């Protein structure tokens, strides 16, 4: 009955991963994360205070013993920046399971794929377990997996856009070719987007703005928890085939006959 | 915290309504309905044995004291047939909350709207509380409401097609104009379709083939329960706005700086 | 090579029908219609001056000897209004090929289908040749054809919305069931929408706002002419099948080999 | 009135580029190309006989003096293969305007972007004018432009799939950021797809299977010519805005009043 999945040998029950940015305050962050049921939370190490005890610290609200912290390189635009950021994160917190993202520009926040490939290679050599934000290009996704990345995280659409999964064909091809987990990262805007990502066969979904940017983030966190579960269950249940013409949804014999 | 809705003065917690046709046997019907969490089940009175005790009877598996039985007129192609069928149902089981459907042809199972309007009028005069399967035409939906129907049930797409909600614009207009509950009836194929119906603001979803026609109907019933709940929650939470260009999903200040 | 179609026994080459409203002035109307290549123009008889010679008259710009005038009942919300309007039109201009539209409300401009069915029946009895604006309901479309309408004109989406064809499945079913011409009426916003309508197998497209509401109506009229022709040609040519995975688009043998 | 565009300083009127593979024979190739109005034809130099006069030769049917031959590297899976192929093409035919494609696998025919970037750089250094097939990744597209490619050719969907433009958002971003021409390459299946590509603002469209794989390739070639022209014209004309609710498409005053 259990339906866990593994990243880098570690087993997780929740297939919803959440970010920790964009909330009103750490209290809201904490309650939203609890409502989401997430076991993995991503943390922008260049942006979140994880070491200065005179300031509010995320770790006081979101317990690193209870949640798997996944340091990410949000805000890094080169391989060097990203690698340096994650080395510091490892020194500061001992984290080696990390989320790599090397951005291409401020406008789209799309990944710079050549720099991403380079950074992934360096980080893997240094012993990091790299989960990697990438474009929805099946060839690049395969390169990242062959290189040793522990999870492939193609974008559904632009970070913070809420546009959903723009190219489900690519996501499906990536998943079909992959032996490591494939998690849709970026683009999900509402519950049906998350369910759809799971119905495509993905192993999980990572989101931040969809929850933090909703009018009621706590309610949306709960909605997303259910959406990911429902999409996963539907995928495993095996949906009915699509038809162009309907057929009666009731058996063809019966006893009450009004004629 | 509760989020019930009312049909004809009766309050319901579950916004997922399910059919009872197309299952392998009544045992599977029963378990699927339990997994779906539905409180209202539709029954094709011309097709399902509700009176001959020498044959297996749905009521022995799906307890009418526990579930609200909603007799429907599946298989009726004229106003007269539909009205006669529901009169018999009322005599047999005392039901007056009913689902009217008058079909237009065998091929599409689309409603015959003129006959549907006529039948709705007659049934309402005879004291029935009429929930009505209809096309996704906002003008016709309004006529049915003005006439006194207690719930409007526009199709998402063809019965048994699994094509999802083909015209979300119409469904939204119908909902915006309605004071009685609007339930999407027909067309849902998988979990994300159900979530989407709820995100459009609908009060509920009715389905049969999407569950009974899945490879694992019980798992899909559970998926649909979660999907409807997630879509409803997301609607109430208020989704993030859609943007064309992304923006960073992390706050712009922080303490660890790799530069 | 010719690809004409017939409405009520009359043969037409152009499959693009255009409205005459919403232009800056009659001069622009005239030039846009010329650019569109249309042979049939619809005229809102309750709105356009066709009889007072002291005012600018459409007939002085768009020659009724050159174009087939199709009087329409825009602005009519009841059967009676529509019938009365077309009787006056017949008296005034001798027109008996008409476009019936009975609207349901000011907000959506969707048709009131019961009133439309009633009006169609009356008009046909009075000898009118009725082209009829209707919802995209295949059952209603068939009734209108069986009743004797000479062309079925289902809406693509809301009048003046530019939302394109919201439910291509319905349009295709209507076309497959019809022996009279099916023309998409309302909803087209740009050239690809018009091409798509024709690729669905429709016999023609009627539009007004898509041309009159473009920044450059004359250029858009020309675009729409080409779009309708291209969609029609593509439909007749028989498009390639859709595949999920690509295959090389070049033959597999050759002489230059770089290896 | 003229609406030409330039690639590497050369001016073209037709915005439809066509492939030369997959036709029944060279005669059909020739007639289809003529019907398409294309001025640029791509030739898979590893597959097409351009030098052995004892065999049928494309140049005898498609005159290189009349058409711009664009040698492509179809079938090359590495930078080295592609570069070598184009050097041979330049030696054989003197061509330096070329279409680079380095494929990632046989199954998807998606580009291998790292190899593509490497090959583009080498070819540009050797004086080639490189038009480049690439993924729809805006960051990679910008790199290729910055490197000196003379045209960016993102895929609409998989080569030979006919799935249309799967991610219009990406195509639009690529176009907005580009100063060189952007041509959609691969994926177009029918006329409305081609019109849509142009409505997104692209400078042109390249296709092969959509024409050669149609039931009637010559008719489809003509359809595609009109579709590209219509989409271009519609883009330039400036389409009407999309609205959710309709408004009357006729002016609000008039003289005939049936009331």
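Labels for the chains are A, B, C and D, by order of writing; each one numbers its residues from 1.
Following the convention adopted for this analysis, a contact is a pair of C-beta atoms (placed from the backbone, for glycine too) under 8 Å apart; a residue touches a chain by one contact, two chains touch by 3 or more.
Since this is a predicted model, take the numbers as computed values, not measurements.
**Q** Give me the set of chains touching subunit A intersected with the set touching subunit C.
**A** B, D
**Q** Can we say the copies subunit B and subunit C touch using the same residue numbers, with more than half in common, or are the two sides different?
**A** Shared-number fraction above one half, so same.
**Q** Which one of the chains is farthest from subunit D, going by Cα centres?
**A** B
**Q** If you average the CA atoms of subunit A and of subunit B, how far apart do the two points sit, in angstrom?
**A** Whole-Å distance between the two chain centres: 32.
**Q** Using CA atom averages as chain centres, what separation in Å is found between subunit A and subunit D?
**A** Comparing mean C-alpha positions, subunit D is 35 Å from subunit A.
**Q** Quick check: what residues of subunit D touch more than one other chain, meaning two or more?
**A** Within subunit D, residues 108, 158, 163, 169, 244 contact more than one other chain.
**Q** Report the residues of subunit C in contact with subunit D in the complex, numbered from low to high.
**A** Touch list, subunit C to subunit D: 19-22, 44-52, 55, 74-76, 81, 84-85, 87-89, 92, 107-109, 158-163, 186, 189-196, 199, 208-210, 212-217, 219-220, 222-227, 229-231, 233-234, 236-259.
**Q** Please output the residues of subunit C touching subunit B within their complex, sorted ascending.
**A** Touch list, subunit C to subunit B: 104-105, 108, 110-114, 117, 135, 137-140, 142-143, 157-158, 163, 166-167, 169-170, 173.
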